[in-house]
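My structure is below; once you've seen it, I'll send some questions.
Chain IDs A, B and C follow the sequence of writing; residue 1 opens each chain.
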């Protein structure tokens, strides 16, 4: 009867989502309120072994001609479990690198704004289109191997190089490999290596690039620690002249949960997008603040961002308030 | 089994929506067909007392570079019933003012186009980001108290001042209070007062503003009457020079339902966005027409808009046909 | 209990979707990866005889200021079965013409890219706003009769003339009639005639137009054949001077399925958007390739497009890879 009919589509199709509102009180510019992210998930199970997953996002609340925001497809892939413990993803997926890039729901991390190392160096949120193999090699040991579209920026700017699978130049590809170990309760260790054939997509004579990233996340009782390091090594004279042949960063984030609902954190980050210049200064940032979980997936955040030194020279120190949810 | 799994997400997550197609036969310019609004609702119940609600909209059918429409997040808030009969909303919500701003599904009102007083003076649809307390003071008597982001327009233009929570300037806030009485069957009485600290967000030396709005909606048998009055009182010499220190409007809308499916209405509106000039003419508009409800939430509309006098001087008289739905 | 509550919205509301990722290796320009289409369906059953259906699309992965993609409402209509076997659609619907325009899920056709005749001549995907009557005249014999908004292009360009119901100029309407016969298993025969009052919407002294389209689709065992022919006949001196008074095209597509999962096809197409010039060359295209269905509605595609001759003179020969899904 009715309930059985109902099941026919709901059993296989599912929706979810997450979102974040931000308030930033900046020291040196106008304060801001922003519907930073509004995200919907749509999934479908075609068979026991074939499924679809997607992430659709509206950033900054409004998108269109002369509007500040935009609409983005962040994931849309078919996943096929071709054998036990191993699957292949076809389509548009999040690059398997870093802590935040694949898991970026606001209730899963501290700080209103995402950390700057993963934003500027990794560069999260980062998706590409291609083929990804993933699976379990041994209990707790997982791998990812992906062939996918690459970055495109003739000045070696990593974050601006994301083409977002929107009529993306695909003259040159990229290759990513990750090993992740989660065999000990509370611990995650992971390392990613990526090779880009040419991040200028043919605009420069040479612009191949290697990205290396390692991170650890460890939780013991109320204590937790996240540590991450990432580095780009880009070949080619043109990019070397701009100091972008080397770009790197790292952060360390201890945190403490007083209760299931209340936690505090501190984060020290350093990064440099022109580390190829020997005299280039690292951007050094201290962040500290508090998360309050109204429910396990609804979170209120308050934190302060203190730029100790900045390569760009502008003061972006800010007090941030955030509201996030996921379902 | 399957049905139980199904319930796991559907029980907590829900979707809905509404939309409107318009045809306007204008007296003095080209006729128009428009997919005016296409709206989806997404909600989630986290716990018995914590829930999420959102409204996602595509206006004018197509959005992107050089396209006429846009995508908008109109609501996205967490609501927490912190005690019986009282709750707090955090995030982006519709400002509690007027008749249409919070309830704008096309099957709930007469006329293809929304009335001009609530569009130009209120200015619906109007959302801001902040904190809102709401609840019941006595049977039939409800309150709203909100602290939220404010308007930004250095010329005192109200409708253009909506920042839509898109990287909105938040140097100055606004405060809204509403009392609503629905204790007598068929009657709604409400009054809203709002204080804006500075609708120029620091661009002018002084631009604080007060909005006052009152309305009544009364239904007796087949008869219904809606009446609304709203006024802005803005301080500051710069805005006074533009005549926008005072802006006001009101309308009266009697209607009659022949059957549950068929109703007719007339509406007389007056408004003036430069009422600060003593010689400024009010825009006076007569509208009259018919609604036919194919189902309780699917409606066909036909009406005529007659601009008796216009401060802008252009003739926008039009015959309008509309199709609306909500679910 | 819970399951019954669940049924309350899910029983009436449903979602679905489809999408396509493309990789194009072009002979004479940069290769491309593209999240070409990401589509969601939202439907609602108001009563047994009244329902809503809509199609919401993000093209090319990202939409906003200075972005390449766009968000589009492709369908949004109310359908009312006003008597047995006959219904009326009100709102925005797909024009009943051709094979692909109404059924464009990627698992239903061969080739990564849609065929060029239906893209350039028909021009799919093509929606308008208006009223459509449809129903069954006899077993297997169906009709569509529609009054709807028209094209607008003062140079007689058909594809660019689609106004997409976005504040569309509606000075002049169009009328479409289709007969479709599906009374023999495996066979579909259809013919569409459309009259446009003025495809310049008043910009030219005369620009009325007739579109005629016929097609057949026949499946016998593993063999299938699709054949389609379409032609525009446009009146008016201005458009005649541009050679666009006549525009036509046809294609023939035999295919063969080795198994339920694996099929091959070839397609020969000819079309000319300036056939009014006696010396205008047809664009002639050969396409051939393979579809592999991972599940009945998840498909992988590989094919080659060979432009034998082109009126535009540019070489767009390409090897295409595609991934598509629908649910």
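Definition applied: a residue touches a chain if its C-beta (ideal position, glycine included) is under 8 Å from a C-beta of that chain, and two chains touch if they have at least 3 such contacts.
Remember, predicted model here, so these are calculated numbers, not experimental data.
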Interface numbering overlap (same over half, different under half) for chain A and chain B
different
So if I superpose chain B on chain C by CA, what angle comes out, to the nearest 5°?
120
Just curious, how far off is chain B from chain A if you go by their C-alpha centres, in Å?
37
For chain C, residues contacting two or more additional chains
3, 6, 10, 15, 63-65, 67-69, 71
Which residues, counting only chain A, touch chain C once they are in their complex?
2-3, 5-6, 9-10, 12-13, 15, 42, 44, 46-47, 50, 52, 54, 56, 63-73, 76, 78, 80, 90-92, 129-130, 149, 163-171, 201-202
Chain B contacts chain C in the complex at 3-4, 6-7, 10-11, 14-17, 19, 21, 23, 30-35, 38, 40, 58, 60-65, 67-69, 71, 294-295, 297-298, 300, 323, 325, 327
